[in-house]
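Two complexes follow with chain A in common, the first pairing it with chain B and the second with chain C.
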Partner chain A sequence: MKIDNGKISASQFMFAVACFIQASTLLTAFFISVTKQDSWIVSIFGFLIGMIFLWIYTALMKNFPNKNLVEINDLVFGPVIGKIFSFIYIYFFLTLSALNLKDMGDFVGIAIMPDTPTIVILVSFMCICAWAVRGGIEIVTRYSLFFTFTTSFIIIVTFFLAFNDIDFNNFLPIFNQPFMKYLQGTHIISTIPFGEIVVFLMVTPNIEIPKNKIGKYFTLGFAIGGISLILIILRDIAVLGNVITLFTFPSFETLRMIRLSSTLGRMEVLFAVILITLMFFKISFLYYVSVLVISQIFKLNSHKNIVIGVGIIIIIYSTNLYYSMIQHMEHGSNITPFQWLIYEFLLPLITLTVAKIRKISSSEEGN
Partner chain B sequence: MNKYNRRIYLIIILIINFILTGCWDNNELDTISIVTGLGIDAAENDDEIDLTLQVSKIKGTTGYEKGAVGQGSSFFVMEATDSGILSGIDKLEKQIPRSIFLHHNQVIIFGKEQAKKGIKKYMDVFIREHQMRMETWVLISDSTAKDILTATMEQEENSAIGLSKMIYSESRDYEVLSTKLIDLTSKMMEKTTSPVIPIVTVNSENGNSEAEISGLAILKEDKYIGELDLERVRGYSWIMGNCREIPFNIKTEHGYADTSISNIKLKNKPKFGADGPFISIDFKGDVSIREIQGFEDMKTNEIFAILQRSCVEQLKKEILDCFNYSKNLNADIYGFGTEFYRKYPKNFEKLREYWDEIYPELDMEIDINLEITDTGKVLNSLYMEEKTDENR
Partner chain C sequence: MLYVIIIFLIISFIDLPNLIKKDSKKELIVVCSILCFGFILSSLYALGIDLPSPLVGIENFLKNILKLGYKDQ
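Our next item is the complex of A and B:
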């Protein structure tokens, strides 16, 4: 039984992955506050660790090319334990969507429209997401290519525009912090932006790629996202220097510094534009995945009926997540990475191991 | 999706467009007062400050406010005394019909009195408040901030905007003569560095005033302790780099030459020598000759040699003069402490606490290489032309 019959092509899948990671690159404060001027090193480490995650997901995808995460769990662990695992993923996906929605709402609420109640922004934003989600996977990923190109273009352009303010001495001293800080930073960055691509396990059946090519496209998309992240962090550190740890939105502040002449300034609007478009993509994807998991577990005929309901849950969830930005940052750098590690690394790894041991594979069943 | 549905969606979107424009945050031009300058002076009470806001008047060239054009000044000044900056602004907001809009604030000016008391505790709001930008210029007034913000200038009536433009053009030649909020914050966070902030002096004559940057104020921690006059600022900027072309005139016993030094390549390396840390400076630059007076009966080569030698001597003198001055004040205006930290993070960790004792003892090694590359459109000068020809 398949709930969504939409199909996405290889390049759409690749850009969806890239876009998904790029969406996290704009909110970097929670690991920059840990590793300061060495954050770029940490993001390279995180990228490498992320490759391990990627390898696990690709192996799962290759093993079960026409099954999504819920079906894999059922197949590997049996209906009861598999359902428990899938329920854990409902929690994970809902939390992720709520967190991202909260990030978006915080940004708009703090930086752009301070007097507007956040709930208004969240509701109007979620209305559009719900519309996309109702359309299914094809609609959700359709604009990924466009979003990725816009973002990459803006990142590259701002890199050059900020060149006047760049001071490479800001990277010094390198490797002068306690080892644990690097470990923590790598942990945060590998779980929060990179590991989140575990959600793509939910759309495996919809991807029209030959089995042996999945890894290639997945890695390419991952690399585009990862390189954008590293570029953004390099730019921000080089421009802001030691002040970077003060800000909640370092990239926003970097773009504010750009001033070519009195006419070509106020570049931060570009940041707002890409943040909102990318967040639209990421949240609608996570939203879609949450809806899909729930309808799959409860064996609904169509995912469309529960779109509005899940949307309301996500909005309410996101308004109750944290009291303040500081608490959010604190959790983001100290608690969440450990939680995420379970969903992004341990569970998929266990699933893969059990599947290999029990020699379960959907492709060999000869469907 | 059928056609009927599509129409309904379209209508909904159009309606949303009307009701959601800017939501609660719409700021129309006739509801805001745009602040162009913000000044902070010491109040009588130690815990309080005198806040001065320079607000520019919005003059419409069309519409119902036609009569206002060309009459009166283009700005007005508001003052309040309060313990905090934002609470002072709130107080002022009640006095005027419009809301105060800080996004376009051009300069932050501290009065000298307040700078002597310390400015750190008032910095927080500029970093925290979302309306403030990190690229805003920071200045210290020679008298009070109010004096500057109330002054009317000839070219730009609005003194804050005028100052901002002045600093912007100044900063192209001498980058040290401009301090952005971000630079100041960054230097304050470095702990060992003493920030410098440009000083503005206003001379009022016949209603119109002239503002000029008269030097750099040196802050230790966050308190004003002294200033560099323009002579020393030049000595300072040689080492800080980032200058394109600096005019430089030399007087020798044979005559006077006006030169400019450009294409400066500077390397300052912190080093640990036998008797403690020292700074080694490697300075390379091109000298172009702009004007020569005197040097009669001399060969070109001789003149060049003399000029080169005296350039180097004078450069060294200027650099050391400024450096010694800062050593007397015990203020690390160059950020050498940070250079050491960046180069030798492990060793410097121990030195950091004692930096105040080390800095006055710090030595400087200067190695200057200058080359005369440009002589303008002549090769020889008027006075020496014939002589040199004879010699050939």
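Our next item is the complex of A and C:
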């Protein structure tokens, strides 16, 4: 049964995927501190491994057309174990929303408004996100096209504007680090920006296209997002060089160094603007998916009633997660990739394997 | 603390009368329990009491007991 009856078109879906991945360009500090100037190699490998995740999700989408992630779990595992899997996904989506909200609050709190208490920023941001989520999937993804084009335009423009500061010697020495660092970097990239597209399994019934064509749009959106991420990393390493490990937000520092003429300096305000808009999209999408999972498990009539409650839980959860940014960075580089691997790779793979073994597919259910 | 109570009263006055009029028991229970959970969490935050974070707990479990984790250098 569908709770939200909105319909989105295939191109909106594709740009939503691209926008979602582009919003993770803030999180480059996780793997840049690990593989310092070789981060571009690691991100290309991470992109290729992300394609494996993508293949699992498109296989699930093709086997069960017009079914949510929660409904797929119920079909494949039966009512009791399916609900347990869906509860695990509630925890994952709530944690993702809280983490992204915390990132956004930290960025605004450090770079733009240092004296404002964090909770004021978070609450005012979540009010707008809650308003968008109450409208449903159409309103959440309505501006994905505009955001993606604006972000890509700004990325390309700043790439050309930073031409004066690019020094290709900053990429050397190549392949100089122990192998474990490359493995760790690939692991971080494939799970933290690229693996979070598992949330798109929840909105499959709302897409207005025959489901065997959906793989093409999913892959195209993923490719747009991935290429943007790789371009940004290349630009940052080329401009900043070895200093890149010192910064929490490397792209911010890159844009600080751009001077077009004596009047057109201070480009970092562009970065702040696109970051806040992209994080708005990502957080409201994750918020929407959390609300949808909860209302699907308890079989509510509409998702609009629990929006405010879930929003309050996410805000308080995000203040509670880590006690400092340093702990966030440390855990994010070392342990979080393993935990995300469980939710993004292991659980969908188990679902797909059990579905193949039991020979269940949605067409046989007569639905 | 007083502000937390006032804000939750305002939120319940926005949401709950429609649900009570429609007389759907299950929705009322779910919405009320989520709001109660949020109320407890935010009053604990307003009183300054810190709860342990579940994410850190799971990550410590993965790191120390299952020994999955990269060593930081």
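We adopt the following convention: the second predicted complex is superposed on the first by the 364 of 367 C-alpha atoms of A that agree within 3 Å, B and C clash if a C-alpha of one lies under 4 Å from a C-alpha of the other, contacts with A are read in each partner's own complex, and residues count from 1 in each chain.
We take it that a contact is a pair of C-beta atoms (placed from the backbone, for glycine too) under 8 Å apart; a residue touches a chain by one contact, two chains touch by 3 or more.
Just so it is clear, the model here is predicted, and its values are computed rather than measured.
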item: Side-by-side fit of chain B and chain C on chain A, or clash; value: fit
item: First, second, both or neither for A:Ile276, with chain B first and chain C second; value: neither
item: Which of chain B and chain C A:Ile139 touches, first, second, both or neither; value: neither
item: Contacts of A:Gln339 with chain B and chain C, given as first, second, both or neither; value: second
item: First (chain B), second (chain C), both or neither touched by A:Met257; value: first
item: Contacts of A:Tyr322 with chain B and chain C, given as first, second, both or neither; value: second
item: First (chain B), second (chain C), both or neither touched by A:Asn305; value: second
item: First (chain B), second (chain C), both or neither touched by A:Ile90; value: neither
item: First (chain B), second (chain C), both or neither touched by A:Asn169; value: first
item: Nearest Cα pair across chain B and chain C, whole Å; value: 13
item: Residues of chain A touching chain C in the complex; value: 91, 95, 180, 184, 294, 298-301, 305-306, 308-310, 312-313, 316-317, 319-322, 327, 330-331, 333-336, 338-339
item: Of chain B, residues touching chain A in the complex; value: 16, 20, 22-25, 127, 130, 133-135, 168, 182, 185-186, 189-190, 341-343, 345-346
item: Residues of chain C that touch chain A when the two form their complex; value: 11, 14-15, 19, 24, 26-27, 30-31, 34-35, 37-38, 41-42, 45, 50-51, 53-56, 58-59, 62-63, 68-72
item: Complex contact set, residues of chain A against chain B; value: 110-117, 120-121, 124, 169, 172-173, 176, 240-243, 246, 253, 256-257, 259, 262
